[in-house]
Amino acid sequence: MIALLKRDLALAVRAGGGFGLGLAFFLIVIVLVPLGVGPEAALLTLIAPGMLWVAALLAALLSLDRIFALDFEDGSLPLLATSPLPLEGVALMKGVAHWATTGLPLTLAAPALGFLLNLSSTAYVWLFVSLAIGTPALSMIGTFGAALTVGLRRGGLLMSLLVLPLYVPTLIFGAEAVRRGADGLSTTTPLLMLAGITLGSFALLPFAASAALRVNLR
Amino acid sequence: MIALLKRDLALAVRAGGGFGLGLAFFLIVIVLVPLGVGPEAALLTLIAPGMLWVAALLAALLSLDRIFALDFEDGSLPLLATSPLPLEGVALMKGVAHWATTGLPLTLAAPALGFLLNLSSTAYVWLFVSLAIGTPALSMIGTFGAALTVGLRRGGLLMSLLVLPLYVPTLIFGAEAVRRGADGLSTTTPLLMLAGITLGSFALLPFAASAALRVNLR
Amino acid sequence: MSIWEYANPKKFITTTTPIVPWVLGLSIALLVVGLTWGFFFTPDDFRQGSTVKIIYLHVPAALMAINAWFVMLIASLIWLVRRHHVSALAARAAAPVGIVMTLIALITGAIWGQPMWGTWWAWDPRLTSFLILFLFYLGYMALWEAIEDSDTAADLTSVLCIVGSVFAVLSRYAVNFWNQGLHQGTTVPVATGERSISDIFFVPLVMCMVGFGLLFLALVLMRTATEIRARRIKALEARMRG
Amino acid sequence: MTLKVSDLAVARGGAPVLEGLSFDVAAGCALVVRGPNGIGKTTLLRTLAGLQPAIAGTIDFPEDTAAYASHADGIKAQLTVVENLAFWADVHGAELPDAVFEAFDLVDLRDRFAGTLSAGQKRRLGLARLGVIGRDVLFLDEPTVSLDGFSVKMFANWLRDVHLARGGIAVIATHIDLGLDAPELDLTPFKAAPDAAGGSDEAFL
Amino acid sequence: MTLKVSDLAVARGGAPVLEGLSFDVAAGCALVVRGPNGIGKTTLLRTLAGLQPAIAGTIDFPEDTAAYASHADGIKAQLTVVENLAFWADVHGAELPDAVFEAFDLVDLRDRFAGTLSAGQKRRLGLARLGVIGRDVLFLDEPTVSLDGFSVKMFANWLRDVHLARGGIAVIATHIDLGLDAPELDLTPFKAAPDAAGGSDEAFL
């Protein structure tokens, strides 16, 4: 299973791989928002926590279709399915690899980008913490969505449709944690909920994802 | 050339095609923003014009990689390139097909969705008009971006990176038109600029796109 | 004889075809009586005026919207465990009915909200979670449409339905949490059931709810039969080709 | 170790394709599957490899000993030849022996990115995977497509002298002659009748 | 109409692959290109078809008469067999003659979605495109991959009796014997020397 993780990370950093592009997309959404909404600093401060989380979510979403589609197209997936690796493990590793190439860089960069949206100073640490706790859930839920749509040609957009409603709780608790941080309130509850979602996703969704993969490989 | 348009539209409405998914994505982004930003109606009204345009832009963006990648993967593209169709015409038709399956439904639906963001009532008509004028430019610029990245495996995200800066003028003028409409100001200048961008894109970008395609097919 | 015999497509059609008109007739009768009673023979509410009467559409539709998802969930589980095609097709048939119910609830709510809260839409927890439910329906139906092979589609949509249900419940709690203390004054229901609604509203309301329930049942039975026949045509065509 | 197939029926896209297939392949033997386009060779091999369920009959061989190979070889264009093979060796917990590069004429191509290989070179890389993962029961769907005459012979030699010699089994669908001394199975007589049972739509007929 | 190639040199991935190639193919004649894997057959055909530039030499034949066909046939899985062919006919402003379906044994498959065809059936569909678009100069890269013996013969017959008979030209790269009575060109002697000129890096050497 570690071999799979290593390969996926190697592929991500090679030419044409996805590393850094999720981050770039995140940056661009953050840049577009002030262009669309207008430059008033007070307004931006108000919407910053929510928009940062929405941008993170969209960036995660946009790279989901890489998770299985490439392996499906070049025939790796049936070969992995008939290999000694359990398919649940494959799904789990795919989720981890997606997080390492998307969620992790995004989490590290988000505080630096917060200032583009004039995020209030008390919120930076909570932005970092909430993304660190919440983005793994985004990756794992996305892996499930990718597994559902892997057989379909360009299932990418359909996958977005399936995955986005599943992202709602993560988004709400994540943005709420940052907003409370910005207002100086306690962030314990939303962070606990986020942690719960992440743990639950990693515990259960690999099984759902591998079931979907098995059906799609049929 | 009409044959190509007809085929692309037929493919879009077949199973697994992209028709309606751009629209669904638009809807979902519009739903996510309040979930992230919070439910205050006054705040939403303020950011509605900008967010609607940003959402339209992201929806257009997400379906760009369908434009050429499918034809590239199954080998249609070299065959089209060696057919009697001029490659400029191919690029133009691809842009038109993308608009018909993404920009058009989005324009028709946007006013109905404006009320989710509590858009002020004077702005609805300008939202519709600005999207009707501006979304063709999004499709044509996107076609150029798709042509640039067609050879790359999963160029989708890289393409976003290339295309988004090109979208900036359209976004600024589009959102500005709606915002002025909401405030009861004159919308003539931004709408004229939008029209200019669209006409210019359709006049020039097919040539750029076909040049990019020729290089990528080499 | 076990209940599972009715899971045979032919048996299902022969059993339900004679029942459907009765169910449909009864539901229409109940709805006609309930709605007429509700609209014309109940007094206006002292605070809400005549707009209160939209409750006879709004509440039953909202209830059925949620129940339809439950039906889909149960049918999906049955399909995954026992692999009865009728079950999968019933889930498929329930989705469009459910999404229409959701839409009716949303639209009547919006129409109601305009005079009550002065806005078509507010991000109230209840409304928000309904909008999310709408998205779940949309995704579920899109997945059915996108997959060529029927059994594959049934399997995948069932998995989605189960995972989706968990997340729908989670969303409900999240939404409640998110809107806490932010949106006073618009806590939707004037009435939570029996307590603050007087009998004079209550009896026609119950009639409408039962009427909607039966209507849902009739529509799902009819649509399931249609789906079965469509599958049958597809199967026969496949055989003729092969 | 034997591969025993009895009274097998397989379906594709919900419709029965083949029925009543029975055959045994003993350790160290190969079976060449033949038949016109569309008869069901690919479907049969996928079923044997466990990628899709059979609609009737039994397939019997020791678990976790099978490997499947088709036109799509799971080759990553951005990895080099060595990296591609090393990955599959790793997944199967096997070594990456140098002999494989010689057996499949990949010595000169070791450090080339797989994306820059020609059709036949890519095919050789795909086949080399079989030499790496050390599975005993191989299901091969048109393994020699795009290979030149020399490479076909080379592959046949590997199959005979390495794989079968150590007691392996191979079931091979092919349209060309591999030069293997193996029994052939023509699928034409096993074509499913138009009204054959077992399709996924059966309940609806 | 003749295809005249003189002193051609072609490159792949920036490196020269073949050099000094000269040959003529007259109207009504075919040329079979042979050579081991990786020698440059695909590169040569792509260059002839105008999909990539030559690094030296000239290629001469009437403009807009060429068609290229390789493993990827531009088949849309979501369109039926008829729809796929009708599209290409439309693009080339040609009719869709019924004879094509017979010539390529597609009569029974007319209304099947192309995605549900077997490998060989798909290949036949891809080849049928050549019968529809009415181009005179065909560049075919391993056209018979995955075809059974009967289909290979059928294709060879179409090529001889329809395409060449009406004065067409065909250049075919293949590893198997098509049973065509055509001259063969072995590329091995034309392999570019390691220090051949014309690579994209030349200015830096």
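For clarity, chains are labelled A, B, C, D and E in written order, and residue numbers in each chain start from 1.
Just so we're on the same page, a contact is a pair of C-beta atoms (placed from the backbone, for glycine too) under 8 Å apart; a residue touches a chain by one contact, two chains touch by 3 or more.
What you see is a predicted model, and the numbers here were worked out from it, not measured in a lab.
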Contacts common to subunit A and subunit C (chain labels): B, D
Chains touching both subunit A and subunit B, listed by label: C
Maximum centroid distance from subunit E, chain identifier (CA atoms): C
Rounded Å distance between subunit A and subunit E, as computed from the means of their C-alpha atoms: 45
Subunit B and subunit C: spacing of chain centres that average the CA atoms, whole Å: 34
Centroid distance [mean C-alpha coordinates] between subunit D and subunit C, Å: 49
Junction residues of subunit D, two or more chains touched: 13, 71, 77-78
Residues of subunit C engaged with two or more neighbouring chains: 132, 135, 138, 142, 146-148, 175, 178
Junction residues of subunit B - those touching two or more other chains: 15-16, 21, 24, 28, 35, 38, 73, 153
Contacting residues of subunit C [partner subunit D, same complex]: 8-9, 85, 149-151, 228, 231-232, 234-236, 238-240, 242
Touching residues (chain side subunit B, partner subunit C) in the complex: 15-16, 20-21, 24, 27-28, 31, 34-35, 38-41, 44, 115-116, 118
Subunit D-facing residues of subunit A, complex: 3-4, 7, 10-11, 14-17, 71, 73-85, 217-218
For the subunit D and subunit A complex, residues of the former touching the latter: 49-53, 64, 66-68, 70-79, 83, 87-88, 90-93, 129, 133
Residues on subunit A engaged by subunit C in the complex (per definition of touch): 144, 148-149, 151-152, 155, 158, 161-162, 164-166, 168-169, 172-173, 176, 189-190, 193, 197, 205, 208, 211-212, 215-216, 218
